[in-house]
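The same chain A turns up in both complexes below, where it pairs with chain B and then with chain C.
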Partner chain A sequence: MAHAAAGPPKPLSGRLWKSMRKFPMLYLGGGIILLLSVTAIFAPWIAHYPYATQFRHGLTASGTPLPPGGRFVWGTDDLGRDVYSRVIYGSRVSMVVGVFSTLISLVIGTTLGLVSGYFGGFPDMVIMRLTDAVLAFPYFLFAMALVAVLGPSERNVLLAIGVIGWGVMARVVRGQVLAVKEFEYVQAEKAIGASTFRILFSVILPNILGPVIVLAAIAVGTNMVMEAGLSFLGIGVQEPVPSWGNMISAGLQAFQYAPWLFLIPGLALTLAVLGFNLFGDGLRDILDPRNASR
Partner chain B sequence: MLSYIVRRVIGSLIVLLLITAIAFALAYLVPSDPARMIAGVHASAATLAEIRHKLGLDKPVPVQYVDYLGRLLRGNLGTSFIYDRPVVSLLKDKFLATLPLALAAWLAELLIGIPLGIYTARRARRSADYLVSALALVGLSMPVFWLGLILLYWFGFKLPIFPLGGHTGFMSLVLPSLTIGIVGAAYYLRLLKSSMLEVMGNDYIRTARAKGAGERRVVWRHVVPNAVIPVITYAGIDIGILMGGLIMTEYTFNWNGIGALMYEALQQSDIPVIMGTVLLAAVLVVLFNLVVDVLYVFLDPRIRCD
Partner chain C sequence: MSPELLTVHDLKKYFPIRRGVLQRTVGHVRAVDGVGFSVRSGETLGVVGESGCGKSTMGRAVLRLVEPSAGRIVFDGKDVLKLTPGEMRRMRREMQIVFQDPYASLNPRYSIGKTLMEPMIVHKLFTREERMKRVYSLLEKVGLDPDYANHFPHEFSGGMRQRVGIARALALNPRLVVLDEPVAALDVSVQSQVLNLLEDLQKEFNLTYIFITHDLSVVRHISNRVMVMYLGNMAELADVEELFAQPRHPYTRALLSAVPIPDPDYKRERIILEGDLPSPANPPEGCRFHTRCPAKRDVCAQEGPGWREITPGHFAACHFPA
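What follows is the complex of A and B.
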């Protein structure tokens, strides 16, 4: 690199600092995601108590939840359970559902997009009309209907969100493939007789990954909100397992006398989703400098 | 121009057909016993047998689908087993209750999102832009049902300006529509801003400035009309997102409309009501998109000449 020759290489910490100042959104988002991942993985060590334990001293004399402070740092809920521990454990549901449902959508959307864009013609028409139809269903309502049919559980919520969330990804991948497939390096692979599978997955795919990762990062956040929404409506994660959504739902019943029950899990959820949105936006700015001002 | 509209209509019809196929698959192929799903948990064996026969569940799947389409075309979405009423008439009642809230929420989205979008685009890369854009990103990350609770707590309970729920005239409309409006506005804001910034980079904007057009004229005569197309496209899709938000918001604010009906149906697995609502929403999305596509003909001369 030209500027490296001008002087000795800067120390790593200096370069990191410079990069952080240049891409604040990416690093802020990445930091939040890291914090969230650590919380989810090490939840049993970070939480103060098991999430389902109902403490005898966890309620006031009149049977209402304890406000934050003292032995229970973020207070207790209607059953005398520790809110802090439940919020910590709640990160697991959000992360697992958010990440794995996105992976499912990613696999379906990328495959369909690759096939559609590369082969064109009839398969393209069929796949794109199907994509239009899937996208016409309001995402959240569609997930709701699917969970209603499959039955409420964390696994079904994950599957439902994943199986229907591939529409936008398929469209974006298709568009990228159309742009890339005429390039010389793709044509060259074709000329030397590479298999279609190889061209699709090891030549084209790595070259269109950028926008797909941006979409995926933002999708994780969206899917977290969907899970929370389904759990809020009572058809997602079931008690006593804590999900930020079912905690907010319990908070709705008690919002006048125990506002911390809805405030704290909602803050956690907003922060988590913000992390993925920041990360996705930051990544997009790097990949496409035209959008840098957003 | 006419061929463009005809193409759009045919495309929409194909999508509608696929939508019904997906809805059919959800209601009749995914569950292990569709008759029980449709009749409810407490249905007797005789009722189940009757439903199986009536819906033709013993026939081959393609025949079942054609039967299902026939029922849809005759406006038959099945019978709710909670209310023991046709789903269509239920939806009609609840839709009328939801309509004012939906319109108010949509208006709130536009009234907050569009002015802020124009404002941030004109002040791009200044502190006001950074502040509003950061707030928009937070708004975008906030679950709508949580925001509803916050507004309800502060402006319904702590400062009792607005009612805590139910529908009692204009005042009860404010908090729920603001809830949906604030979250939804963030999308309009970001879309309009990025679209305006793109337009502002065009040569004809430079030409307009070079001719001596004032800043106000440049923005309102040249930038906004050219930047508004993606916003209109989004408004067509937004109806679906709006309905999702309505379900949770109606539940939070005790609003007795389609959202409340859906909530009740979810608690008791009233599949015909759930499927009917989802199908209605999807059809509305397709129709709105079609209207938007046709509107383009009048808004964008390039399509007219195509």
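What follows is the complex of A and C.
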């Protein structure tokens, strides 16, 4: 037995350290994601002030925003609101939209990919042409058009991004299914009398999940940028609710005398996207069968 | 003589060949092209033939793992091809399969216990405790330690995995088991262990086997009757002793002459077949075998020989049986 030859188990801390040295990107990305999650969930406790409060002392005598430091650690914006608190609350929008739009894409893309790959023939043709059609649209313009129709709100941004983002996932899932369904253990499941539903979701799905998870992790980052882009253009999350996108948009108008207004949310967004991309790349390294030392 | 458990009439499986942007069907691979036979309860029917002759496809078509293009399959008086999907799934309790490749036939994400429990879960049989008990007894029956239930397939050797595959096939108490080259992927020493296990299980559970193989010594060891296939057709069918003693079809004779005999002084005539196996997408006119047959005459290229009973119980598809 393979595990019998592995020798006595090493202490957990030692193994963790070794694994961190082997996959630094995975742990760095995972750390950033953890930080973001904690920030988003506990935003009311981490933020210093409510995000919409316009402070009487939040502006200079001449009416310009306060620079970072002092009572407002990352300064104030041109309405006298605390930038630190707004960036903290902004993480909620990014995380919720990024994660849930990806989940929507994941459910649609995986289901269509499974059906397409497993049944082949006519359903496959219809689904793949539909996928081509969705992928042929410029992703961002399509999202803009959808939000314009649905109306600008956090929920609609989330739906729009999720509903159009499944194309690549459907293709990846289909390709994986084509490979896995030829294995005899899938035939064996059919031979014992399992339903098609069970074969698809309880046998094939767990065996193709690796690449799909990698794709999803990277998609969360991409979708965060989409949300920020839509909010930047004013058709996403609306004031006074802070999103990193609408903060950058507002800050850009004041960048000559208050550059921190767009720099800080911009850096937050960069860090978040970097986190998810590193995590996705790290997962890919682990799941890569050519990586012999896993 | 025991009653017939399975009867197959004129079974065909054609795979379409699609080409071009519109995926039009430009032809068919005739993997199985008119096979008919019957299997009696408790016997072992050996099916032999070279690679690509359609024997595996035939075995899977009988279980409807690939949907037959035409034909009739009667199992225990029921017409299998007429069953609804729901009825078919219930029918699968009666007819099981053991696959060739023990490295591909076990789900890598299921523990051995889960793999063996899956058939019982699918058919909603027994309680949880009873299932566990049955898993342990199945493992014991196939000669594995019941403790292996918690282990995963990658921890096992090919022979052990094949035992798990056999245990899975037995989990539902089937009557018919299709054995699709169950020992071809195993070492010779392990082969004989698995063959003996299969024989013991057959006796214990009164199983009926369709044993698909390309190994003539294996088929001789385990079968009651043997069917020889060539290019999707049947060439010859007879009792095992009869077939090995007096092969009628020239193809069977050529096959048997290729079996090595462990005696360096023994001299015999080897029949060497010339040419390659023709493509099943475009099989020869007349007798399928005439392009390679050492005994061919003019009529063989024009007319198919038909399936004839040469002596009682001994069938062959040849114009000029030996």
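To be clear about the criterion, the second predicted complex is superposed on the first by the 280 of 294 C-alpha atoms of A that agree within 3 Å, B and C clash if a C-alpha of one lies under 4 Å from a C-alpha of the other, contacts with A are read in each partner's own complex, and residues count from 1 in each chain.
Criterion: a contact is a pair of C-beta atoms (placed from the backbone, for glycine too) under 8 Å apart; a residue touches a chain by one contact, two chains touch by 3 or more.
Not measured: the values here are computed from a predicted model.
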Simultaneous placement of chain C and chain B on chain A, clash or fit: fit
Touched partner set for A:118, first chain B, second chain C, both or neither: neither
Partner chain in contact with A:192 - chain B first, chain C second, else both or neither: second
Which of chain B and chain C A:229 touches, first, second, both or neither: first
Angle at chain A between chain B and chain C, C-alpha centres, nearest 10 degrees: 90
Per-residue contact with chain A, leading partner among chain C and chain B: B
Contacts of A:266 with chain B and chain C, given as first, second, both or neither: first
Touched partner set for A:166, first chain B, second chain C, both or neither: neither
Touched partner set for A:279, first chain B, second chain C, both or neither: neither
Chain B versus chain C as contact partner of A:145, first or second or both or neither: first
Least Cα gap, in Å, left between chain B and chain C after the two complexes are fitted on chain A: 5
Residues on chain B engaged by chain A in the complex (per definition of touch): 11, 14-15, 18-19, 21-22, 26-27, 30-31, 37, 124-125, 129, 133, 137-138, 140-146, 149-150, 152-153, 157, 190, 193-194, 197-198, 240-241, 243-244, 247-248, 251-252, 262-263, 265-267, 269, 271, 274-275, 277-278, 281-282, 285-286, 289
Touching residues on chain C, where the partner in the complex is chain A: 23, 60, 63, 65, 88-93, 96-97, 99-101, 104-109, 118-119, 122-123, 151, 154-155, 165, 168, 171-172
Parts of chain A lying in touch with chain B, wherever the complex brings them together: 129-130, 132-134, 136-142, 144-146, 148-150, 221, 225, 228-229, 232-235, 245, 248, 251-252, 255-256, 259, 262-263, 266, 269-270, 273-274, 277-278, 281, 290-291, 293-294
Residues of chain A defined as touching chain C within the complex: 1-3, 125, 183-185, 187-195, 198, 203, 206-207
